[in-house]
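Right after this note come the structures.
Shared between the two complexes below is chain A, which has chain B as its partner in the first and chain C in the second.
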Partner chain A sequence: MKKLSRYRRHKFAAPALIIAALISLGTTFSIASALPNAQHMAVTSQSTLIEEGKQIFARGCSSCHGLNAEGGSIAPSLIGVGAASVDFQVGTGRMPMADMSQQAMRKKPAYTEAETAALAAYVASLAPGPASVTNEQLTFERDGNVAQGGELFRTNCAMCHNFAAQGGALSLGKYAPTLMGVEPKQIYEAMITGPQSMPVFSDKTITPSEKLSIIKWIKAAQNEPSLGGASLGRVGPVTEGLLIWTLGLGLLVGVAVWLTMKAR
Partner chain B sequence: MSSSKERVAGNVAGYVDDRTGAAKWLKKNLTKVFPDHWSFMLGEIALYSFIILLLSGVFLTFWFVPSQQDVIYTGSYAPLSNVPMSAAYASTLHISFDIRGGLLMRQIHHWAALLFMAAIVVHLLRVFFTGAFRKPREFNWLIGVGLVTLGIVEGFLGYSLPDDLLSGTGIRIAEAILQAIPVVGSYLAFFAFGGAFPGHVFIPRIFMVHILLLPGIFLALITIHLMLVWYQKHTQYPGPGRTEKNVVGYPLMPVYMAKAGGFFFIVFGITAFLGAVASINPIWLYGPYTPGQISAGSQPDWYMGWLDGLVRMSPPIETHAFGHTISWNILIPGLILPGILFTGMALYPFIESWITGDKREHHLLDRPRNVPNRTALGVMSLTFIMISLINGGNDIIATHFHLTINDIMWFTRIGLFTLPPIAFVITKRICLSLQRADRDLVLHGKESGRLVMMANGEFVEIHEPISAEKAWTLTQHEQPEALALGTADSNGIPAAKGLKAKLRARMSQANAEQIQTPTETEAKELEGGHH
Partner chain C sequence: MSNELQKFSDPGLPEHIHRKADTDPAAAKKAERQVAILFALSAIGTIVLIGSYIFVKPNKFVFLPIMGDTNVQQALLGVGLAMSTFFIGMAAVHWGKTLMDDREVVAERHEFRSPESDRADFVATVKEQGAMAGLGRRTLIKRSMGVALGLVGLSPLVLLRDIGPLPKKQLETTSWKAGTRLVTDPGDRPIKPADLEVGAVAQVLPELIPGTERTLENVGKDAVLLIRLRPEDFNLNAERLSWTHDGIIAFSKICSHMGCAVALYEQQTKHLLCPCHQSTFDVTRAAKVIFGPAARPLPQLALTLDADGYLVAKQPFTEPVGPSFWERSS
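Presenting the complex of A and B:
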């Protein structure tokens, strides 16, 4: 402190102090406004989280998304996408992308849950956006209505994701992925952030309780045993036609050959 | 013991015969001879799956409610509890989940329908490629074309009845095709649906057509089809001892009674097996139909897949004139192309006989290689259908093989015009090569696998002559010359002129492109010095 006090009358001391005060005030305010209900302690740990996230971002994401997440020629700006978006994209392994294909594929996540949370905190600190979904919000087991979820799914989701959430093709090599095995949290986050070709389903379009119903229906569809025997992928009549021409007709032609063979 | 039993049986038979005169008729018909070949049993698969369809279909009608009345579902499938739906859909769920054996019967019915159409198609291909449609069997060919056409319609109606999301999507497309008919289309759609789509009359109407009208027509046509086979006798593949005047094979009683009867149970068994182990059309997952919903990857059953593929690849062309809109993008792939295809198929026997000038009866079948043009034409048509079918499943293919739907569409758009002619040329070349191979086999015999070193060090493989029976089979077919259409005939009647005559001459000439079968002198010459 003594060393520092030596400069207290330096001609830049006053401006430096004002700048430092402004920065700390601004940072605190922005964090506080991003997390309005956060306790003072949480704010402190949040700021270290943001710092950690910023470093991970600089190493793993900035080459495409820019040093300050401002975006570039090959990747969009992340300012304002929110923590939910990061949690979905990184948590499902879509980001970082393996290659510049039409669409990021779901794969094994490159970052741990803690690293993902740090990245999400950093991106969220840039500008307000949808927050990550917490487990407390995911009360679909208790609050969801399967039948209503099915209705909503068929009205809003099935046109791309197929009637049994098995996924479907979109134009130019893009596709709606299968929803089998997707974490409820990620399904919720996809609905509120609209990743890739997916539209955003805001809470006005589909209310939070309706979102829970949709998740409950998807989980019910996933866990429903195939009631009629082998499911054939639940992709409709194409695989059924394939089976009748290969196994069905194949067996019968084999039998016909066998029936007429002995007599020769 | 047994002698007294025989006496009783004899008395009963005598009693019946005295009153019906059945013995003479039975004696004649039970000994009727049928030739033996696996490809002659393909039509039987279709017949047996039709019987399975009738049996399982009657079972389903006991509980199916053909009504579009709105009901609230209260059955045992929880994910649809309290969902509003049509009575038709609710009753299909009821059959699937609350009727003992209902789901199995539904699945057997649907698998049998897919099998029915597949068996009809392979049977049709066998008849086409072997020339079994030639005189006197043209009527039976026409009945067959009628059956396959009605089969497509009947299958589509069955697919539509449960009124699930997939059914409704199909009906919507059918409505669009109806509406695409110029001028009267919108009226026809209104008549069919009793007003605006979807209305409340469509399910009851197609139910009647599906369970009464079309099955009745099927029964009648199949009966005539079989009576004609019976009356005209079955065709047979060429071979020693087989002529246009006889049928070489086994009698109905007991050989074909056992074979055909056993085959029925095998077909039933395999269909029931599929119904038991493989899910088909899980309507509870699709949900009830509402016009506002649709599922990705909505497909028709396979026999309509090619039509769907054609519609999917057609560019969006519409014209508006005199207050009418003509949607060429639906009209051409949905009605005109299938119309041309099926008309061509129906007329083919007559076209071929016009080209060849052959008005004789044929009971001996052709080996496909010996009629290269017909075989190539068949493969060409199949290629057309296959390419359309691929585009019908373009979305499923795209997701499962990581392709883009646009690339598949462009491949099929271009392929639809380029690949069938290529298939024609390649098939014709293959046929001619096979003819060449047959000729070689007859003249030089088959390879024995024994290599002999000659005195000068040359290695030679010993060829063994093939059996006389085999040689006869390979050389028995006719190789007609091209019709002499350019000149006046022996009575001095001048040759027909004009485009039609030219076309006929050109096609007749193309038919005459064959590899000459070995002549007697060629065979004699070779016998002298060869190997």
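Presenting the complex of A and C:
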């Protein structure tokens, strides 16, 4: 100890101590928080699923959404949002939010599929709401109609999500995200639950079979090859204009300079 | 010290400086070769263009740096066409700059006014021919000819009028009548209030009268956005509140600024955005403009239910939908 205390006034003593403290705190915390995830989730019945979900909710969601999902000053009530909403928000990694920015972003999900299902079961048990969509329902490959889907997309979705489903800006930093690479299930759930800025598209105004057509069209748009190579984001005249005004005009300026240069 | 400006003489053309190719036969030969190479490049471009059209399979893709996966045929067609045209121009310019005669030549512009003698001749001819035709004596012919020629001059007015029908009241009216059902677009299904959850939107059109067609002109005026909120969210006057039904409110989708389809609905803020110029309308306050260049709120469509419980228009729009126009009354 005496040896160590000799260095206590050394100029690196304070930073070294802080770093050591941070590392020990971080490891403790990460081990502690990793422990529940490592537990094997053996779900046997619906009631245990709900119970599991309640526990996950209490740990991960209640600080903002309230202990009974009643909502708070910074987060809405989850009573009646249904399993579909949980499956969408948690399954796309939007919830839990990383920070209190304008909009929750799609990111790597924080919970496994089983944990998400448990959370969904718990929230669905609070009040009836739209149920999660199963892959068996998503027969868009068989039942969807790309032409009909395109027409529906242009009328109902294109104004926010862009005519090629690339996403677009809303007001005050909010945006409609790109639909490229989104799971069909999540597209469907977004339509029936209306997450964040997005409105709900009811099953009566856009029938389930029409929703499947929309999904099929989005997948067709995603797989559309880009004949010219660089697609420039498929956002229309903004990137195309930027390119032609810089590269194209630059090229023209170069040609004009060469044209007027006198030969020697 | 004199304030008079010094007269200066025309300096004329600068001294002609010979190019290298004018004096040095080797340089001239080199320039000639360069022009030939440029023309050859153009020819190669055309061969690439035609060859890629015939020999490259249209579904073949290749990865190019920066460009990503690119269709081979399209890329070669583009490169070929660009080469074939660009290098013709480049060769011609290079030819002109290096080899063609570049001595400056002055060519005076000729006088615009005809010579006096020609002018006098013309007047004399007109007078002489006029006298021979007897225009001065035969007044009947002169007058009737005036009438005929004048009337011919009027005829374009009729032809111009026939370019299209007069707009009449078209800009001020839509297909919405009292009792017109709201139907989904696309799909043409009538809508009941229960079909919409809170937070839901629906793009709607007026139900088609059997035997008529839905023209683009009509869709461009009739498109309506149906939005359901909680009734307590509304901040409307009594008349406008009576135009809603159980939290369901309907607005013309045609922006009052430039006529774009206003359909970006932010469910949380309850704002409607126009994608073209970012005009923002507050749905809870009868589409009041809260941002952007729009001058008027979006016209609200009065809603009610028909005997079968479907949503219908209570009355036509009370004002013209869409952007301002010259004769707009309100």
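Convention: the second predicted complex is superposed on the first by the 204 of 264 C-alpha atoms of A that agree within 3 Å, B and C clash if a C-alpha of one lies under 4 Å from a C-alpha of the other, contacts with A are read in each partner's own complex, and residues count from 1 in each chain.
The rule is short, and it goes like this: a contact is a pair of C-beta atoms (placed from the backbone, for glycine too) under 8 Å apart; a residue touches a chain by one contact, two chains touch by 3 or more.
What you see is a predicted model, and the numbers here were worked out from it, not measured in a lab.
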Inset, instruction - Quick one: name whichever of chain B and chain C touches more residues of chain A. - result: B
Inset, instruction - Check the residue A:G150 against both partner chains and state whether it touches chain B (first), chain C (second), both, or neither. - result: first
Inset, instruction - Scan A:G229 for contacts with chain B and chain C and give back first, second, both or neither. - result: both
Inset, instruction - Scan A:M198 for contacts with chain B and chain C and give back first, second, both or neither. - result: second
Inset, instruction - Please indicate which partner A:M100 is in contact with in the superposed arrangement: first for chain B, second for chain C, both, or neither. - result: neither
Inset, instruction - Jot down the residues of chain A that show up as touching in both complexes, chain B in one and chain C in the other. - result: 151, 155, 159-160, 168, 170-171, 176, 226-231, 259, 261, 263-264
Legend entry - Of all residues in chain B, those that touch chain A in their complex: 36-42, 44-45, 78-83, 96, 103, 107, 110-111, 114-115, 118-119, 122, 165-166, 250, 255, 259, 262-263, 266-267, 270-271, 274-282, 284-287, 290, 292-302, 305, 393-396, 398-399, 402-407
Legend entry - chain C partner contacts - residues on chain A that touch it in the complex: 148, 151-152, 155-156, 159-160, 168, 170-171, 174, 176, 194, 196-202, 204-207, 210, 225-231, 258-259, 261-264
Legend entry - Contact set on chain C toward chain A in their complex: 19-21, 31, 61, 64, 66-71, 74-75, 78, 93, 97-98, 184-187, 189, 191-192, 194-203, 227, 261, 263-269, 271, 273, 275, 278, 280, 291
Legend entry - List of chain A residues in touch with chain B within their complex: 102, 146-147, 150-151, 154-155, 158-164, 166-173, 175-176, 217, 220-221, 224, 226-232, 234-245, 247-249, 251-253, 255-257, 259-261, 263-264
